[in-house]
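Heads up, there are several structures right after this.
Below are two complexes that have subunit A in common, paired first with subunit B and then with subunit C.
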Partner chain A sequence: MTNVLAINQVGYKHNFKTILHDVDLTLETGKIIGLLGENGAGKTTLMRLITGSAKGSGTIAVCGDTSTAHHKSHVSFTEQLRGFAASTRVDRVADFYRTVYPDFDGARFEEMVTFLQIDTSLKLAALSKGMKEKVIIALTLARQVNLYLLDEPFSGIDSMSRKRIISSILKWKPADATMVISDHYVSEIAPILDEVVIVKDQTVYAHKESDAIREEFGLSIEDYYESLYTETEGGADRD
Partner chain B sequence: MTKFTALLKVMSRDRFRLINWLLVADIAVVAATLLWSFVRQGIQPGETFGVALAWSMVAFAIAFVLLSVRIERVYTRDTYRLLPLGDTKLYLTNLFSSFVMFIYFGIIQLIIYLITEAVDNTYLTGMLRIMSGPSYTTMEAAKICVGMLIMGLSLVILGWTTISLVHLVISATNNFLPNASRRLINVVLYIIVIYLVVRVIGFLFYEFNNFGQLIDGGGTTHFLINILGVLVVAAIEAVLNIFILKKWVETTPN
Partner chain C sequence: MKFDDKVPIYYQIKNHLYHEMMTGQLAPGEKLPAVRQLAVDLTVNVNTVQRALGEMITEGIITSQRGKGNFVTTETPRITQLKEHLIMEQLERAYEQLHALNLSDEEIIASLKQYIAQRGQQDD
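== the complex of A and B ==
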């Protein structure tokens, strides 16, 4: 398998405060990876470093390319649509994506709009938090790229829709693409995860295959993740 | 990768709408002012053009500010910074898009001037009579108009590159300096900006007051050097802006 992402000795400081340090991480193509960690652990920062939205030290290669401008053509990130006025209609936002992203699949977007029951004639200001997240998911997954970064994509979405979306992610993800999902609904996303990456102590604390966690530790992913926090207090090994 | 034409299209769409709203508001204010005059005392000779000219100055200032805001917003929003393209292309397209919209705004204002002037030319002829020092040939008058236009547009570009420089420096320092140092840097920058604004306004008044004399005295070269100077400063600022954008400017986090 080839690597879609190779992070080498990446660090990030904000206002002299270390957010991440010595991050090394390699992700293979075709996987779904859960990026887990408590609030403020640095999950979003790590994603922002990959997209180039945050500036840190070290090297990040996406599909073997270390240039930030080229990263962006391989990565689709759940951005919060802050560049649009609140009065912009959803279909206008989709037009924007269609125009600027050569890899944007309009048919795929329409398919997801139907599935997620999004009214594209609504203005962004009129969308509930959950509905806005659905729009963001549809826009992010409608791009045909190598790496999808979903940063807490299900916050605000009702549990029924959330389960439907999670179960459909496999269908929407291109076979050779990798998807990184950062979320607090660990038990809900666990069944679709191939691997988990845990961000803790300002670095990548653990990176394991989901099956290995179940086989080696006899734990669910959620239990394993939570155990890292309780065990560290007693001094667990880092992997 | 995102093409220049695609980026220009999406950036200009929003700005085009904004400028059109401003034009509608400008025309509405001019109409309301004239209506008020008509009701009170009747429209005086030359008032139609005078009112349109006066309100257009306000509208130009507002257009400059609104387009500046649109330019600056691009640098810190993921919507634009995540696009698959280099920061140089993003920066230049962003600036160019606003510049084109400013020209569009100017052309529509010119049409409004021509219409209101056609209605009644008393104001302009009166103004020219007051202003007339030495008598200009048509060629000299055309040179003055073109010179003033180029100088004005050059200063608009310089204004935007300067605003961006201040914004990007603040944005970059905010990421890595502690709060106390950030405040100090901001104060220093504000002082520099106020100084620059005063100097630019002084330069502007000097140039426009002496433009006729420059033409008479064969000082066209001097004027052109000044325009070139403005554009060189703008180009240096643009290079600095692109460098800062690439190296240090982050987007607003989710």
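== the complex of A and C ==
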């Protein structure tokens, strides 16, 4: 099994509005993937479809398993800590994870708590934006799974926190697991990405190896991404 | 490490390690840090480090010892060869750019001499 994810002809509508259509995407094991697209392009929806918390048309196989009910055991995705009361302490959230997920590794969580300098006695309501993202990273990566999804972990946080988060991804992502990181601003994470997937026009518009973009076009990932967005509708092909 | 995002990262990792070898920060026979450690130190992807090291192993600059890790070659002629190659690469780039400004070979040599002389004065 070399593919961790195989999405075939997936579509999703909300209130008769098409959010995603004709999505095909295959991801190999052991990669770090940048999921890029404007705000509202459908990045979070795609993550929800992968975990099975949203239902659309088409098929999604995680580790070869197309039953979405099984996806949660292969995929680690912490969506904005929704579902926890603002007065919940961080260590209580970790206790909850420990109880719900048999693959939650408490020792790994403690290592990341130390590295990211998280005070686990704080209540969720007391966390700064950067600290909240660090808690999400630690909770997500403490699980031992095949696929990790991080939804815009860098939006609105300071550069020191960003560097720490990037280091913890490089330190703790298991070698054979794949991680998908969504962002609408790519330059800060470009050096750590194996591949980029660009969501545009309600579908997966492009999927390329990062170093291939640099080698073939002589472009930075950011310039390549922007060039796709500034193409006129049905515009000229880029060679 | 700061990367130029227009240039393939594996290529920049190779150049970084070449540079450390040229300047003696990585001595012949010295063990390289583990792949994941290098990735964390340079803030790059493990797979990209693997690719860079793989190419350097093919080039004979690094040797891989099963279960022990990667080592800088002890064959000093290979390192001398690499150094010559890196010098040529830099000269080629500079020469082509000066040539594109319509400078003759003599003018290029004269400009370079003048530049080095001026630089020496500034350093004092």
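One rule holds for everything that comes next: the second predicted complex is superposed on the first by the 228 of 239 C-alpha atoms of A that agree within 3 Å, B and C clash if a C-alpha of one lies under 4 Å from a C-alpha of the other, contacts with A are read in each partner's own complex, and residues count from 1 in each chain.
The working rule: a residue touches a chain if its C-beta (ideal position, glycine included) is under 8 Å from a C-beta of that chain, and two chains touch if they have at least 3 such contacts.
The model shown is predicted, which means the values in this text are computed figures rather than measured ones.
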Following superposition onto subunit A, is the placement of subunit B relative to subunit C best described as a clash or a fit? fit
Examine A:Q144 and indicate which partner it touches, taking first as subunit B and second as subunit C; both and neither are also allowed. neither
In the overlay, answer first, second, both or neither for which of subunit B and subunit C A:N3 touches. neither
Is A:K13 in contact with subunit B, with subunit C, with both, or with neither (first, second, both, neither)? first
Which angle, in steps of 10°, is spanned at subunit A by subunit B and subunit C when each chain is reduced to its C-alpha centre? 160
When both complexes are superposed, which of subunit B and subunit C contacts more residues belonging to subunit A? B
On the A-aligned overlay, A:K31 touches which partner chain: subunit B = first, subunit C = second, or both, or neither? second
So in the superposed three-chain picture, is A:T120 touching just subunit B, just subunit C, both, or none of them (first/second/both/neither)? neither
For A:A54 in the superposed arrangement: first (subunit B), second (subunit C), both or neither? first
What is the contact status of A:D194 with respect to subunit B (first) and subunit C (second): first, second, both, or neither? second
Using only CA atoms and the superposition described at the top, report the least gap between subunit B and subunit C in Å. 28
Please name which positions on subunit A make contact with subunit B in the complex. 13-16, 44-45, 48, 51-55, 69-70, 72-73, 75, 77-85, 96, 99-102, 151-152
Contact residues on subunit C for subunit A in the complex? 3, 5-11, 36, 39-40, 43-48, 51
Subunit A-touching residues of subunit B, taken from the complex the two chains share: 1-3, 6-7, 9-10, 14, 73-74, 77-87, 175-179, 247-254
Would you pull the subunit A residues touching subunit C in the complex into a rising list? 30-32, 163, 166-167, 170-171, 175, 187, 190-194, 210-211, 214-215, 218-223
